[in-house]
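Below are two complexes that have subunit A in common, paired first with subunit B and then with subunit C.
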Partner chain A sequence: MIRVRDHTATLGLVLGLLLLWEVAGQLRWVADGTLPPLSGIFTRLVSEWREYSPHVIATLRSASLGFVFGNVVAVLAAVCFCLWPLTERLFRGINIAAFTVPPIAVAPVLVIALDGDVARITLAALLVYFPTMTAALAGMQSADPGAIDLIRAYGGTDFKLMRHLRLRNALPFIMSGFQVAAPAAVLGAILAEFGSGARWGLGTFLLGSLGRAEPDRLWGIGLTATAIAGLGYALSAILAARMTDTNRAVNVSVAAPAAEAATDSQWKRAMALAAAILLPFLIWQLLLWWAELSPIIAKTPLGVVDYLLTGKTAASAQERLFAALAETIPITIFGMLVGLGVAFGLALLSFTSPIVTRALLPFALVTQTMPLVALTPLAVLVFGRGVTVTLVITISVTFFAAFVVLVQGFALIPRAAFDLVSVYGASTTKKLNLIAIPASRQWIFVAARLALPKALLGVMIAEWLATGKGLGNLLNQSRGYLDYGMIWTVAIVSILLSILLYQLAGLAEWWLSRRPADGSKSWN
Partner chain B sequence: MQGLPLSFTNVSKSFSIKGNALHVVDNLSLDCPAGSFTALLGPSGCGKSTLLRLALALETEDAGSVQIAGGMPRSACRSGVVGVAFQDAALLPWRTVEDNIRLPFEVLGRARPEAAHIANLIELVGLKGFERARPGELSGGMRQRVAIARALATDPHVLLMDEPFGALDLILRRQMNLELQHIWSEKRPTTLLITHGVDEAVYLADRVIVLSPRPARIVADIPITFQRPRGTDLLRDAEFHRLCDEIGTWLEHGPAKPSPASRA
Partner chain C sequence: MPFMTNRRRFIQLLGASAAVTGLPGRAFAANSLTMQAAWINDAEFAGYFVAIDAGFYQAEGLNLNYLSGGPDVIPESSIIAGKADLALTSPDTTIKIIAEQGAPFKIIGAQYQKNPVGIVSLARAPINSPEELKGKTLAVPPVNVISVQAMLAINGINKSDVNIIPYAYDPTPLIKGEIDASLDFVTNVPYTIEQAGEEAASFLLYDFGYKTYNDAVVVSEEVLKGKRGELVAWLKASRKGWHTNFADTAVYPPKFKNTWFSGTGRTIENEIYFNGAQRPLMEHSDGVFAMDEEGINANLESLARIGIKGSRDIFDTTLLEEVEA
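Then we have the complex of A and B:
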């Protein structure tokens, strides 16, 4: 999808931006020097490298351990889901939660429930799980049907199919899953360092440097974190390219894979759904029993219900929670819609002037690997501590994620479709109206589902670090007050909120797709 | 002779497509005695492949029974007496030619075959020198030949082939026909060959079965009695051409023009 000549355009764009940055920094254009020149950042980074290195090593360590554990679990889970589709349906609730969870919300919970080191590795592993699991499962399920028949014809069981065919077939898919998982591991490791009291780690370093008015230090940390994540992405990409000999597009699966048997009765389906919803809560309860944590610190599902709904704390907790939600939800949705709109506009523009995509797409791909948390303080430096910063972060996070999906989706529209309408003399606008816009319908929703958890994460990080409002702030405050009930409540509520928004996107898609569409269902 | 009998008795099979039942095989009986060579001809989509998939236990019959050596196809397949080549070569792209031919042994859990055995097969299908090549480096015809070598590798007692020579050009096809006849004569596995090539069917088989359009019923059952081994000169024989023409007529008119015999 990305060819060599595309890279020259990107290179031009990137070099231009870097140059602009340097000039703007030297001349102190942005908010009185909060954007230091690149050369200044690097000089400082090099001179302070001794101070950086233990932090970098600590983060690298938890990220890589999390990467390894998360991937092992993900591949084992995919094997189970493929061999026994029922398990996939039971775990669907957990899978969707793993995809939509705003990691910043579970970080404090993990820090409470687990030993510091384990918490960091767990959060990294948690973020690694979903991309690798879906990629592996897709790879196993896409094995050549002819080869499946052949192995079955020699009496091959499901296990033999897995061993001789599906696992190996999934390998390139798993590698491209790694491309998403590697930067996610870095993000997880850094987020779990927040407020964990850990001495070392880039997250700790970042929090420690926040109070000091030293933009070049913050930029140095942000860029270092980005470089580590980018390195993980690049290594995985090289591995993937070696496996496949082709530069396959990185497709992030945003829907939990469905393997529903059409023959199942309504009752059976309802049972599976109920089990899928209950299982996460059951596991939550069991984990706490197993860890033998004090019920004051570690809230069980019933403990949260008591805190929020029935106990003495209920009234105050509800008030604070609703105030926070009233702050967070509108801004998340608004920022996401704007980001989606801009992405859609720019993606359409790519039909009339392909140079825009060529320059932007690889750049947008790279932004997908940037650890959001390390960049937020930089946005705060530039945009201040108001609502603007939250919006800027949400919009840009949504935009880049959606843009990548939309452009890759558009690339799947067969050339012949455009050629056909061209033969009948269609203008560019006609082509957009007849083909690109109807075709984009499904991709808009893919983009929305992909961007949603990121948008919520962006808002919560900004609230925690900068604006002092909303869910993110409530979480941070509760940590300070040792209000364990609220920490658990915010974690659960933000996961539920994320799942709700995700399901709403699915519902909107379903509603749109059942209206008689103008032949726009699917190109592939 | 090592062939084992294969039989279809009153077999019916239908698939449901969007809620509508599609009758693919309707009360069909066919007996392939041990060591026989049967060719199945019929219009595209008539259910030939479904018969083969039933014999491989890849599908389950709705009614009637399919038996290999008097037992279930599934247990015959598990015991490794069945060899198969599909329309599609179905090679594993990450395995070399040798390793692809070895695959059935691994699936069956048998000991690794001797290197000489695999080398012989590769030579037999004319792929000497390509032992270490991967499917991506081979042409369509070469891949198909690997699939044939793989079908023969386990020394099967029942050999099921679904248009295995479809991807080959005429010359290669005739060569492979000659080779297949040679191998078959040596071990006499019970063979069921699905093909679109009327001349191929007449050249190879003891018996040619013509099927009707869906649902598959037997329209004609024609014994082929040429002496074996059959040489290439048979392809120019007048009786050979008469048989091909007769079968061609059956294929063209199908059950619409029933012969006096089948009406009786």
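Then we have the complex of A and C:
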């Protein structure tokens, strides 16, 4: 009966928090009424539903088309990468770029190069690709080696293996990839509505409503967008749960580079690396050639080099870019560290008092599924336009994925380790100190790698919509001046920055792993 | 490679509905013209909606395609990308891109003789001149930052004396006192502020030396050459639409409630206020869109103050002459 009592307590806490929101809204506690009561938001939402529906339909349409296209490409790519591992190595540059690219940096170019609907669907699909591809690949590669040997022994080809074993094995993984992909599709669709001049869509509606000074409308739109993203998440979670015995309600996969075949020569590895780095640039050049854009808009790789390094624009461009980077980089790293700290604290809390964590989870899930662009105006209402709002947004987008990874990490600690110290009468705090905290170190880095691109995106969106500083603002201003050289530069620099930070996290992990702390992995 | 030749078709197939309207191939079809507006559908474009609904464009033999704008739509981009033949733009960005990047644009008319952008503050803490902006926090849409810097320079104020933050077209921070002023259309925001129970104070950048047009009618040189007849027809029909709309500024906005203005998140009362407030900024003795030498010089001189070096030949007044003839 403990389970039932636990659930009642969780439900009670959730209701309590919702009630607190209602009271805070009614009494105008937060920033002079910018946090309206829940009841007010919902009454308004229901009474205006006729106005909402065409916008909701438009966003649903582009988000779901993007979801479908992105997933088809992702699964096909995963099949190729699994069948021919060389392709995975060649496409590693593309994959990392797809993972690290801040969508607001590519949105302006997509919106101008493609027509409204296509731009929205493409951006949604781009954000969907990586989570599904990695999940599917991990699923295919984790097929039971015994079964693989069996099929091989009976003369099964790689294709047979794929059809009868790997794809089937990957299904639950793909479903869990969908959980990350579904909210991402909604974010992509809304981001590309900004700037496209579309008549319909929640992003358009949000922009039109910003000028009305009515927080309840803004909250209504934000919560509607969240509901759509949350619905996609929930559907994928249910499908995933039905396909596996264990409930993978929350599962975040991280692509760890597969170990290169030991037989490969140095030369062969260097060639693959060079190809992986060159391929994104080649595709960039080909796409521009294909799209037939005006040279004012389309900047080739060499065009960007000219703009930033060798041309007559170089001095001014470098000055503006470095000033922006100096504002963006520190807050990105700081926000990510605080986000990781919050995740770590919550994960520890889940150890000591699981009920509190379970009550907080639904709210955490909301910040995870709420499209960033809808979250930002609300955060501005409550927190103003200073450093705080940037930090709040960055933390809220980074901590959840990190939290999930850490909790999964804790769950992998063998029970025997705890039983052992329990026998010696250790308190919960002792258990944390002795076992959980040292064991979490490796997971912290996995979490950090996941969080980094999100942190950069969070900071750039906050800068763009709220504070008017750094890369986000530079991007926005360059659009206004049709300075496409700078737009491409910011897009490329933000991808390179993400990759650099990503590699730094890997380096830090490698450095720390050489000096194991006392007590870590003591059960191995 | 067959897909290469069909790539536009491929995009069309992907984009199903919306793709059809905006492709360069379409934009250059005979007797059709695609215009890119500068903002979401509001009273700023009432004249065009009147002209479309009343069939003024059709009467001129023109099939007009209307693309809405928005806070993040840069109208000139639509021309460069071949999505539109004609765009309503802010002349400062247009002339900047012509001067600095050699964009092949011409301005063939001006909707607003006086740019409606101004500094809006609350009447209980009014800011009535550029001088009073010193030490204040001013919210400005990133696209308009150069306009504000020009106005400050013209009035001898150092731009570092004013704290400029990005403006998201939301007057809430102003009403809550979080910021001191914002840059917006004075034809529009004061109404929203009144609705929130406050009173607004404002001044036009135009009245403090930044004498620019707004919603300049911009086309590429290619379109100017290839579709001159259509452009003249557009000017003629649009002018008729505006004059019809201004006969009584309260008549048309309610008629667009369920068509042009539906789903914008704004009220019809707001549009009526806007429509009335914009009339004096658009009227000219030679008719809507007129560009006289004095006005053109004022534009060029204002922009020269922030280092944007335009020239008289950016403005092509010969189409307006054909309209009048």
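As a convention for this text, the second predicted complex is superposed on the first by the 478 of 524 C-alpha atoms of A that agree within 3 Å, B and C clash if a C-alpha of one lies under 4 Å from a C-alpha of the other, contacts with A are read in each partner's own complex, and residues count from 1 in each chain.
The rule we apply is simple: a contact is a pair of C-beta atoms (placed from the backbone, for glycine too) under 8 Å apart; a residue touches a chain by one contact, two chains touch by 3 or more.
Being a predicted model, the structure only gives us computed values, none of them experimental.
For the composite obtained by overlaying on subunit A, subunit B and subunit C can both be accommodated side by side without a clash.
In the superposition on chain A, contact of A:G40 is made with neither subunit B nor subunit C.
Of the two partner chains placed by the overlay, neither subunit B nor subunit C lies in contact with A:P438. In the superposed three-chain model, the partner touching more residues of subunit A is C, compared with the other of subunit B and subunit C. Touch criterion met: A:I297 reaches subunit C, while subunit B stays clear of it.
Once the two complexes are overlaid on the shared chain, A:G341 sits clear of subunit B and of subunit C alike.
Touch criterion met: A:G480 reaches subunit C, while subunit B stays clear of it. Of the two partner chains, subunit C is the only one that A:A113 touches; subunit B does not reach it.
Here subunit B and subunit C sit at a least CA-CA distance of 35 Å once the structures share a frame through chain A. Comparing the two interfaces of subunit A, the one with subunit B and the one with subunit C have no residue in common. For subunit B in complex with subunit A, the residues that touch the partner chain are 53, 56-58, 74, 77-80, 82, 84, 86, 88-92, 94, 103-104, 106-108, 154. Residues of subunit A touching subunit C in their complex: 31-32, 34, 51, 54-55, 112-118, 121, 194-200, 204-205, 207-213, 215, 217, 290, 293-294, 296-297, 377, 380-381, 384-385, 464-468, 473, 476-477, 479-482. Per the touch definition, subunit A reaches subunit B in the complex via residues 144, 146-147, 149-156, 160, 164-165, 168. Listing the residues of subunit C that touch subunit A in their complex gives 4, 7, 11, 14-19, 21-23, 36, 40-41, 67-74, 76-78, 80-83, 93, 96-97, 101, 103, 141-146, 164-166, 168-173, 175-176, 178, 188-189, 192-193, 195-196, 262-266.
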